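What follows is a group of structures, each given as structure tokens.
Look at the two complexes coming up: subunit A is in both, with subunit B in one and subunit C in the other.
This part shows the complex of A and B:
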């Protein structure tokens, strides 16, 4: 039963509403309209079709859904959209978030468990949202004696560096944030920041388990960095370019490079697992030995940010594997040339080639992510001396074998300009 | 001259280099050094040499800075700062640096390098394929000598590391009285 104050009077109620209306009108006249005029006078406005996008036109278009299409179309060409939404952060973070849920369900099914079940009606599909809310609500505890600036900055740096790798990945023809001539080198240069961040964060935590974990992370990432770069080098030899879009186009003209350099692809996969600190190479986070490794002292959203960063990194490395070895966005055209929706005509936004490319790229990337997740269900952790021995001795030799195969393919006239297998 | 990006990168590089020298916390000094190296990579990008810039980041930030930070973390810092710094020495050092910088700048401005290449803004990015071709054709002897030097030093390092390992195992064996 609703209650109201004892001295309630209808006239005062109406009066308060009138006061509200009065203040809204005052604020709109004194602040809103001058803002509109400042925008009109001083901000260079983007042209939409024939007209210039003024605030008035914007407000008119927002009311009518069919007239918002040109605005959306214009927004999709801006750099901000690319960085923040489609080939950039949001796309990577969405795939990373999906990966967390898929990982838990997939591993549970492999081990005859049920996995997350209660959040959401069907198979616990809201588990990720529940986890996110929990992490945001939890208190962030900074350990005593911790180095506060580094402790706060390292998680943010981790997420930003992961997102920086995502910006270099071409998802569809023309859909890449930064199309560098030295894209592949830039990827490896950025990946070089991760051991630095892990080491600094583990040191800043002022605790022995994180420090042991950080040292392990450093050893592991540096040991696997060389086979990682060398395995990508045979792809560079085959395609003759360091530009990632160029690598995909070289595969569109011949066949997927995994058929020519399978050993390099294998080494790249193993090194990616080591770079991502996934089982069987999860020594930096070995939870049965050193509590949680370099993540021991994390809590609340600091843990959330580090997990988000590591899953964005998982997406980035899976996407890099797809770009280098699995032909990027190559695939048969499944989207129709024309696409009509009943209520609002979105055909100006619809690009069949880009949609098709995105579909195939995403499917392949998910396949690779599943391959990254698979060892966690079936393999135990390996010893650190075996890990270092594998990195420094075996994988480097394997990559050299395939590099010579790639050179033979180029000089034998099978691939490369005017080769036998080039369409 | 008044390119804001150039000035920003210059302030970043020089400022973080000064922090790296001046800070009492060794770990912050090492981080500032890494940022300074990133600034140098930014200069390479401004000079249209992305290839060199990427290697600058990969080698100096990814490897050298990590090595320095790793070393700093393992060293006890109290022992290093037992002696207080002399203010006169510091002033003399800054004066000496200014004199050297000024004279080098004057030399460069007076030499033929000044203004010889005209405006850099319109030039295209240096193609690393051309660099590779030049390395393998005109500069091939230099490349071979560099490769031999590097290979020699790597083999020497391996030999040194190996001998040490063998003697230590022998030493242990003798101490424990094993004869095998």
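This part shows the complex of A and C:
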């Protein structure tokens, strides 16, 4: 049987290819090359090392890949790289995406299921991509009577605010987008935007269930904001700084703060769960009561963006826990000092300290994320009056207990400058 | 609001007041269902004052299929497959009551082995239903593991019933005169093995769900139905047993083989949502003992079905028989005019009686308690609509 079309003619086939080549050549020479030269002429290009970036340098890179190394090295020092790629958005979004997959498999194992299985052949590793494509392909339905500008803006604001928290997290020594002196304060200031966005979005949806969900989100986040901040305050007392890098360095000089203020760590963990709207604190999205809470009217990529934002937020809060209580990037050195690869030597890009710090930081963050995921398998949803009672009475009292312990440690000369346990 | 009469008056007054003050801005009307993840094929309109429910109006009838009328156009045997549609998860029990009533009308005696097999199928199906109910109760309270575990363990009993009857969910196994076919070989050992495994699993359910402090906080002292109120409203099954009345049709009016079986009627005294959710769990444990006893006492051989005419008919008259289903008393009232088709069939289901308590229990509770109370009433919307 012929596997090609019956009316296939070889001459036409060759002709069509030649025709295509002809047009590509015409367009490249008449449009592409002038554009390139206009750009080169008017846009000042940065010098890379000793050389000026020219089209000829690009050509040499094609021939000798090792010449790209200085360019990459230069790129890695730019702010754009930090914001968009490594300690910033892409890193956070990758960990967030991985969290979705891990959550589904982890929860499935707890519940005697298999979880995602088919997409990607091996244990459904491409499930996230398949879901993302599905969400992009779906129609976005905006309810009639919705406040359209806010309805469209809120999901984008949600992701942006989540990403803004990520920028404040120091991943490795020197690897932080914004190393503010008031870093911890800035984190809580940014986290204060979330209930606002939830309420605005729910109100803009012009529907009853989202409205109830938005009000619940507001109540919940305000009730847990105070124990959240107070639990971090004992860490500030111990380290003497609000700078997150400074907090990590204070722990490098003594021991992890979770050993000194475990109750604060516990309160921080509980408040993070509430902040993330995860079970048992998923009241704003309580399915059997208020359909999907403030997410009821979302569809397509609006839902996708809100989910992306909430998983980036999960990463940010887990990372914040690691920075505050688990010693940040502290850990034994596992990477070798020198690292040479055959063919293309990437050793100029290789920084053993940063690589080691990133490894330990990522591992600890994943451990914390697993702890955030765990209650979903073992706990029912809490009721709002119990939640508010827990937030306003119990947790605040617990944080005060640990704050006094922290003060005693400082004034007793155990921690702090010149303390007994400071190395 | 203490007694039922007070509550009733209060609800009526509020209802009138709300109709009058429909423009009241304090109140928010929520239509829960029929397209709501927490309602089923059922709707209830609730009015909220802040977080509190002040008024509830149940509105069943979205899946009314006219089962009773359909019965009048088919003969006694043809009625079996469509009568199990209202509760496909408990299909053996609903045909059980029908078969008992028809047998009384036609005047036939079921062979002893047939009676035992009927009871075994009925108990297995009760487990299937209660596990499904428990799974939904779990997910209603946000406990997703409690949704997956019972749904998984339910497969064990579905497999047993498939081996016994040939169908996974709609068995059409009880027919007037006995059961359709005998047990397969090796069924006894398989059944005992799985029941023993399931008894171990029940302990794990208790650990992860019923002993969970958050679950206790959410259900204890929520939606309390007192003993007197339960009797006045006429609720049945696990709901009445949770309120402290040990009433079980299997004990009160033993049918078939149940007077030879030694079992306790499980009941609790508090009458809150926790008791209503825990009583079916205790029933499942008791059901396991019943299945073990039935398998021990069963005659090893014999007929399973009495021979009937191709088109059985009895003298003119009427019969009312009922059984204990997963949701409580399930009765069939059949009137025959002497022809092979029933003149009138009335199905009395437990679901509909239990939902009568909903407006009284919801008023004064929080919105978050709505699923905890609603599903604890052991209500199956499709069965109530018939």
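Going forward, the second predicted complex is superposed on the first by the 371 of 423 C-alpha atoms of A that agree within 3 Å, B and C clash if a C-alpha of one lies under 4 Å from a C-alpha of the other, contacts with A are read in each partner's own complex, and residues count from 1 in each chain.
FYI, a contact is a pair of C-beta atoms (placed from the backbone, for glycine too) under 8 Å apart; a residue touches a chain by one contact, two chains touch by 3 or more.
Being a predicted model, the structure only gives us computed values, none of them experimental.
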* Between subunit B (first) and subunit C (second), which, if any, makes contact with A:147: first, second, both or neither? -> first
* Asked: Touching A:193, do we find subunit B (first), subunit C (second), both, or neither?
  -> first
* Where does A:180 make contact in the superposed view: on subunit B (first), on subunit C (second), on both, or on neither? -> first
* **Contacts of A:330 with subunit B and subunit C, given as first, second, both or neither** => neither
* To do: Could you tell me if A:396 is touching subunit B, subunit C, both of them or neither one (first, second, both, neither)?
  => neither
* To do: In the overlay, answer first, second, both or neither for which of subunit B and subunit C A:212 touches.
  => second
* To do: Pick out the shared contact residues on subunit A: the ones touching subunit B in one complex and subunit C in the other.
  => none
* To do: Enumerate the contact residues on subunit B facing subunit A in the complex.
  => 27, 31, 34, 50-51, 54-55, 57-58, 61-63, 65-66, 69-70, 73, 125, 128
* Sort out for me which residues of subunit A touch subunit C in the complex. => 107, 110-113, 208-209, 212, 279-280, 282-283, 286-291, 376-386
* Structure fact -> In their shared complex, subunit A is touched by residues of subunit C numbered 28, 30, 36-38, 51, 138-149, 152, 208-209, 212, 214-215, 217-218, 366-371
* Could you please specify the touching residues of subunit A with respect to subunit B in the complex? => 147, 150, 180-182, 185-186, 188-193, 195-196, 199-200, 203, 211, 215, 218, 222, 225, 242
